[in-house]
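So that you can tell them apart, the chains are marked A, B, C, D and E in the order they are listed, and the count of residues begins at 1 in each.
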Amino acid sequence: MTPQLAIFFVLATLAVLGALSLIFQRHPIHSALSLIVVMIALAGLYLLMGAEFVAAVQIIVYGGAIMVLFVFVIMLLNAGEEERTSFSKLAGIAGIPLAVALLGFLAAAIARSNESAQAGLQSGTLANTKEISTMLFKDFVYPFELTSFLILVAILGAIVLAQREKS
Amino acid sequence: MPILDHLWIIPLLPLLGSAINGLLGGKWPNKIVNGVALGATGLSFAFAIEAVREFLALPADKMPFAPQHYFDWIVAGSFRAGFDLQIDQLTVVMLLVVTGVGFLIHIYSTGYMAHESGYHRFFSYLNLFMFFMLILVMAANYVLLFVGWEGVGLCSYLLIGFYFLKKSAADAGKKAFIVNRIGDFGFMLGMFLLFRTFGTLDFTAVFAKAAPMQSDALGQFGTFTVACLLLFMGATGKSAQLPLYVWLPDAMEGPTPVSALIHAATMVTAGVYVVARSHVLFTHAPTAMLVVAVVGCATAIFAATIGLVQTDIKKVLAYSTVSQLGYMFLACGVGAFSAGIFHLMTHAFFKALLFLAAGSVIHAMGGEQDMRHMGGLSKKIKWTYITMLTATLAIAGAPLFAGFFSKDAILLAAFQSENGGPNTGHILYAIGLPTALLTSFYMFRLIFLTFFGKPRYDEHHVHVHESPWSMLGPLVILAVLSIFGGWLALPAFWGGPDYFANFLGPVFGSAESAATEAAVHSLELPLAGVAVFTALVGFGVALWLYIRQPGKPEALAKSMRGVYNTLLNKYYVDELYAALIIKPLMWISTSVLWKGVDVAGIDGTVNGIASGAKSIGDTVRHVQSGNTRSYAVWVVIGALVVIAVIFFWPAAPVVGMVR
Amino acid sequence: MAAFPNSADILRVLPELIWCGFGALLMLLQPFVRSRKVLTFVAVTGALLGIMGNFYAVHNPGSAFSGLVAADPFSIFFSHLVGLVAVLVILAAAPYLDRERLADAEFYALVLFATAGMGVLASAQELLTAFIGLELSSISSYILAGYRRDTLKSGESSMKYFLLGSFATAFFLYGIALVYGVTGTTNLLRMNASDPTITLLPSPMFKLGLALILIGLGFKVAAAPFQIWTPDVYEGAPTPVTALFSAGPKAAAFALLLRIFADVHAATQFWFWAFWIMAVLTMFAGNLGALLQTNVKRLLAYSSIAHAGYILVAFAAVTRLSADQEIGASPAYAAVLFYLLTYAIVKVGAFTIVSQFGGAGEKHLQLDDFAGLAERQPVVAAVLSLFLLSLLGLPVTAGFLGKFYIFKAAVDSHLIWLAVLMAINSVIGAYYYIRLIVVMYMREPSAEIAATAPARFPLSVNAVLVITAFGTIFLGLLPSKTLNYLLQTTLLNR
Amino acid sequence: MVPTSYYLILSAVLFGLGIVAFVFKRNVITIFMSIELMLNAVNLAFVAFSQARHQSDGQVFVLFVIVVAAAEAAVGLGIIILMARNRQSLNVERVDLLKL
Amino acid sequence: MPSGPLLSILIFLPAIGALALLFLRSDDHEWIRRLAFAVSLAEFILSLWWLLRGVPLGSAGYQLEEIHRWIALGPHGSAAQTYINYHLGADGISLFLVILTTFLTVVSILCSWSSIQKRVKEFFIAILLLEVGVVGVFLSLDLFLFFLFWEVMLIPMYLLIGIWGHDRRIYAAIKFILYTMAGSILMLVGIIWLYNATGTFDLPSIQQALQTGALVLPRGTETLLFLAFFVAFAIKVPLFPFHTWLPDAHVEAPTAGSVMLAGVLLKMGTYGMIRFCLPLFPIASKKFASPIAVLAIIGIIYGALVALVQPNLKKLVAYSSVSHLGFVVLGIFAFHPISMQGAVFQMLAHGISTGGLFLLVGMLYDRRHTFEMSQFGGLATPMPRLAAFFLFVALSSLGLPMLNGFVGEFLILLGTYQVRWSWAAWAATGVILSACYLLWAYQKVFFGEITVEKNRTLPDASARERAILVTMAVITLWMGIGSVFITSRTASASQTVIDQMTRPPRAEEAKTPSTVAPQARQQPNSGSANAAPKTNSLERLGTR
């Protein structure tokens, strides 16, 4: 039981628990917070894998920006406890079992496949940020530029959708 | 120009007359219509005589006279039917009878129909009938004969239904046509079989090929037998034999001249003509011959019995016609074709006369047809009375009258026949003779009821008057014919040669005429005597019943009510057909086929499929619950399906293009 | 390759860049330019310029950005297609926006962005780029769906589309991740190269990855059982947007699928039965669902599901054939492309009419509103019937040839049963298209409908109708040139 | 040493939990969160793979995913606000005007 | 001998006419009618002139062929490159069917002159387009093209029923189009499959390949293909279990529609059988001959019996055509030259006589707006002329010799009898039944006293109606007497069909002087056959 492994399990459990509480919390705020927990746990895992840049981005953008946005919206709409209606028979009866089945299937398929086992890695040789940046601005410059337009669209969408009627 | 090369003129003239009258006659006065109609028939009669003269004048080497080919009518594959007319001895007889009697009846009609509406229509139909009848007798192949065959059927349909306002008339017409069609069904099949056997339907070719062939044994249903039986089926329809005779009595709904021309003299004898025409085939099929004989014989007595009790003057004559036709078939059945044709001719004379006279009576009585409301007319309408009496004597078989000779010849031939066993002939004779008795009985019954005794009609309302000469003339001529017409075939014991049989010899082959010759001396005299005796008996009974004590018939009827009613209702045959065939057919068609199969069955299935699709569609719609969570679940399901498929189904079997 | 993208790279993705650029330009103009006409003009010009932007690629095709995107005839065809759709939609939308009092600059911008996204999706040779393109078009679509934000339906459709769409996207993305994990690359071309054994004995993870990708794209093309969102979204969205949805994203997603087929041999094998089943399910889901629809817009939505099904039939044929030398598969590819083309034209035309006819607030969308249309507006009725007949697949219309080629592809690959099922479906489909025609031609309009003033058809809309109708007939009668071009396309697509 | 498979299985589990959450939750915002959860799972997988193969492009993908997630968040929340404004409820089950 | 793209002109002339109609003011009914009439008349005259000249007597094979590459299939310049051809051609069979079509179009335009008052323009456009479709079907020699016209024809017919029909028109229209489509779409699959097997859509070349044995279809494939084609045609004919769309369609359709439907459209089915099923799939055809013949016979008797009990005059006529078409199918599937000839002739005869019947029924409808026979009765009194014509047409329809109905039926039965006597016997009962229902109906409608007061004052046939009816009557009579004019022209064509059913294994038998021989010998020098005088050409065709 190497320390990495121990840390991994701690963080993994944390993440899973966070995910579960995201599911079982009734109030959106709590769900949001538990999601943040998951993200932080993941950030930890990234660090564990030696991808600190990603970890940082994870904390800053995800935890920082996106989730804050969520919380902000929740506050804005002062969403209360979620009402556990079940108008959808299908979801009520078959929803959870099927979803769990899918989960199981994914996990099993991945577990059984050999690629995952191969290349037991040593965490030392991390892909350093420089490499990432060159790749980002050389090989993937085109998608990168496209993402800028994506952001533009997002802004546009926010304007179009959320702006008050100009009556 | 010799007519023989232009035989088409003879049938064409009536056609023209019919067309002219039919298309333009509507606005014309009767005179012009008469002119056209009589002109057409008269001319074709004249041409016919001329043709016959030329034909008889032909040198021996030209005989038999080759059929005239005018144009191809139907050609398909190996089949070919030309518009070919022929003339031979048999045709000559028919030709003269048809045109001659037809012409007389046309004349008669001008008087009889004078006051009817649709005058031109009547004559147009009548001429059309002449056309088809002539085609029938002159045709040189079965298909063309079939044209005439169906055509006359059509005309009889039109003429029976001439008073189309009367439902009974329309019904009768329809009945006639349809029953005839049933016969034609057999006739057509017969033709098909002949074609399959001989590869052609031209008379000369067929008979030439058939003659040398091995004939079927008795009881063997070979080609000949089947073909002949099928043809005979057609004949029974056209000539009102059992079991298809039912239409003829109803046909009396038509105007009387029509009954005289079509339903006594000409059309109904077409069946006999066909059998005689196909004698080559029949002689190859003893079974068929036997059937013909038996059917004819049975019909003869069957119809005669019904005739006994009929009260409608025309109905009596109708049944007697059926009965007489039975005689003719009997003759053909026993191989005495010439005798059959001879009876056909004489019958044409006296039966036409009877009808016309009856028409004249009806005319005199102002449309009354029920003999129970007649009586004592002999003074008032002398000419009619005399002529009708002549005819009655002729049909009853009084010596020297036409019917005597012909009927005599038939009975003789029947007696001699041994086809199907030594005693066949005797049995046939044993049935044929009483028929003769019955015939003379009901005929004289008719005479007595009509012309003797007290008038049984209201003399103040009915003003009996003699018919105009346009009607009486034909009566007289026909009367003369029905006296002397028989002398063409003076029996041997009378010393004269049998002109008629010899004349037809070339057609039917001299064999059977020779046979008669042989038998003549020994048999003919006694048989003739017997025949005369039976006729007398019939006359006596009639006299006793209807002159001596007029009350008697009713008494008899009462005493034997069952029999009487059975006869009066014609053995309930019509009812039987209705119950056994027509009603079930209608029921099946309506409630099983139409309502059942069509509407419920097929449409039901189709609509069922449609509604099924719709209901499925409805469920498909309801999957669309509008609830996002359900949609999510559907996506999950889909994911599971896709993954499962990709994981657990075999990879695609790969095929190349097929080139 | 050069350190920074060289001019060739730029030129080969010119169309997408132009569309994005004009999108941005419109947003810049929006505050200053008041007149709708100008904006519309700019937007149309942008779309057209984008199409023209292909000129370089046409003359020297090849891949750009170290193989992220390919500017081969295949993608050129699609950028033409989506560009065309964009032009038509913009033209059709102009009067609609006017009528519904909706801001137009943003609308046009979004349409252009979406178009760009589709272009990327269709030309991407690398999964992540494809993903970006997909998102670009999807997100724009989400917004467009909710564009009539004051109406409940629009908002709802937008929400449903957004939630389910991103749900599916997640699957797609996870699929990419797994494939990447197995092959070590997201570049379609390198996938086969990376490990030849993959095609022979593939790992479960690879299968799973492909499966998830299929799920994601299947959702986009509305293939059963992922069609579930389509009717609601189509009905709720503003009609011109619906036209865009039914034509654009679908085509782009199909394009990506085709590319994966062409390049990743493993996919062609694993996906066969999945496509077989999805095709059947989709056809029936679409046609049966449409049988009882009374809302024309929704009816057309279902019909577009059915048509996706028909295209999937061709896909099954492709899978079956493409293992054969390419010449074998190319007709099937061509069938798909041709069908997408005809289908896009027809659907855009049909929806345009519906959008005009719907009237203010899209109130007149029930079947009964179309009653007696043939007498009130014969031309419109005739054109709409033309489109319907084309959707039904009657000869002399483009739809017939489209269907014909698909049948042919199916038969060529011995998928007789699939062909027969498709035939049955065409008959079922016939019923509801015919029903609409019946309503237009044979029903008497109710009083107040007869009273309503005939919907006016402004110039731009008429232009759209003329183009689409002409296209329908032309492709129906003289498809040879187009088809030959398509065959080239698919052939070059190695 | 942590085997890659652990990470992958974890990511699969998280992804699955995301699905479960999506199906289970009613509140639009939380449903949206579950999508974010799924994306995170994907990211985990990417990073794990990139580490396993010593390729940094996996991490680049993560960055892209995050950007996309951000964009989606902006638009999604906009839509949610719109919905909340139009009908005073965040319960997706109450949004079923479009059906059948 | 005229030259040029005659057939194309024949096909598309009405389309041009329809186009021209578009430009007329839609309330200018008179000129719309006149123009439509003029166009159809021109079409009729041209078809008479060109086709009779262009398809010389006794010529085998297709005449006046036009062939152009149309749609390229398969990659350009590659080996797999094939073309869908625009291939037209006429032979003895299609020749008269086209003429029949053009003639009936004229008739139906005339008979709608006054009876159509709503949306006149669209009506005549629809009629002309219908003509385009039908003529195209009869003239196209490319399977694809054939299918194209086959489907194109649906829509105008569908509109004719649905817009100008009577009360339940919509139901009937939808039923009509769905039935037909269900069949034809399967045929499309069949056509494509055939292409897949042969590599071309060109009928003659497929035919050639199959006959010479250059190409052999597997038995199973042939069977399925045969069924795919046959079902489509059987629905169109309609053969017994598929017939239920017909009565509805007929009853609801306007007169012109019924005339075209009964007169021409049904023939497309039988034409298809002759042109495709037999030559392309002889083995399957022979395999299925018996069941099909049985169905046909069932159809004959069944249709007649149901007609017998119809209270609705038009429905009666409709069922009667189910019965009559049964004869045609029987004649085709007896594979006997005579019955084949008969079938072809019967198609034409039925077109005229049933067309005439529908005309007359329509005229009655124009006067009384009902088809219920209980509403009629005694009509012979107010309208003797109409009654006379009706009787005439009825007689021709029930197959009275010297009228057109007889020749066809007789030949069919004759030929069938040579093959299987029981078939002929059963079918012949139809002859009896046809007499039953027609005369029955005739009596109910025209005979007896007038029962309904309205009928007392009905006008007799107007001049225009008389003109139409007289023409019909004359043609009926002419076809009945001068049938040779037609049969001599259809002979070689229908013989060719029989020949085409031979396959290499049986080739040498075909050489032996069976029914096949003469045409087989004559085919190479059909050119000289044109010059040959009529008589001996008749000998060649007829007696042997």
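Operating definition for what follows: a contact is a pair of C-beta atoms (placed from the backbone, for glycine too) under 8 Å apart; a residue touches a chain by one contact, two chains touch by 3 or more.
Only a predicted model underlies this, so the values are computations on that prediction, with no experimental measurement involved.
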By CA centroids, point me to the most central chain in this structure. E
Looking only at C-beta pairs that count as contacts, which pair of chains has more of them, B-C or B-D? B-C
Taking the mean of the CA coordinates per chain, how far is chain A from chain E in Å? 71
In whole angstrom, how far does the Cα centroid of chain A sit from the Cα centroid of chain C? 31
In whole angstrom, how far does the Cα centroid of chain D sit from the Cα centroid of chain E? 66
So how far apart, in whole Å, are chain A and chain D when each is placed at the average of its C-alpha atoms? 6
In chain B, what residues contact two or more other chains? 621, 624-629, 632-634, 636-637, 639, 643, 647, 657-658
Expected list for chain E, residues touching two or more other chains, is 80, 196
Do you know which chain C residues sit against two or more other chains? 128, 132, 135, 139, 142-143, 146, 149-150, 158-160, 163, 167, 178, 181, 204, 207-208, 231-232, 327, 412, 431
Can you list every touching chain pair? A-B, A-C, A-D, B-C, B-D, B-E, C-D, C-E
Over in the complex, which chain E residues touch chain C? Could you list them? 70-76, 78, 80, 119, 144, 147-149, 151-152, 154-155, 158-159, 162-163, 169-170, 173-174, 177-178, 181-182, 185-186, 188-189, 192-193, 195-196
Complex contacts: residues of chain D adjacent to chain B: 19, 22-23, 26, 31, 92-93, 95-100
Over in the complex, which chain B residues touch chain A? Could you list them? 625, 627, 629-630, 632-634, 636-637, 639-640, 643, 647
Considering the complex alone, what residue numbers of chain C touch chain A? 3-5, 9, 13, 16, 20, 23-24, 27, 64-66, 68-69, 103, 106, 109-110, 113, 116, 120, 128-129, 132-133, 135-136, 139-140, 142-143, 146-147, 149-150, 158, 178, 181-182, 203-208
Per the contact definition, I'd like the list of chain A residues that touch chain B in the complex. 87-91, 94-95, 98-99, 101-102, 105, 109
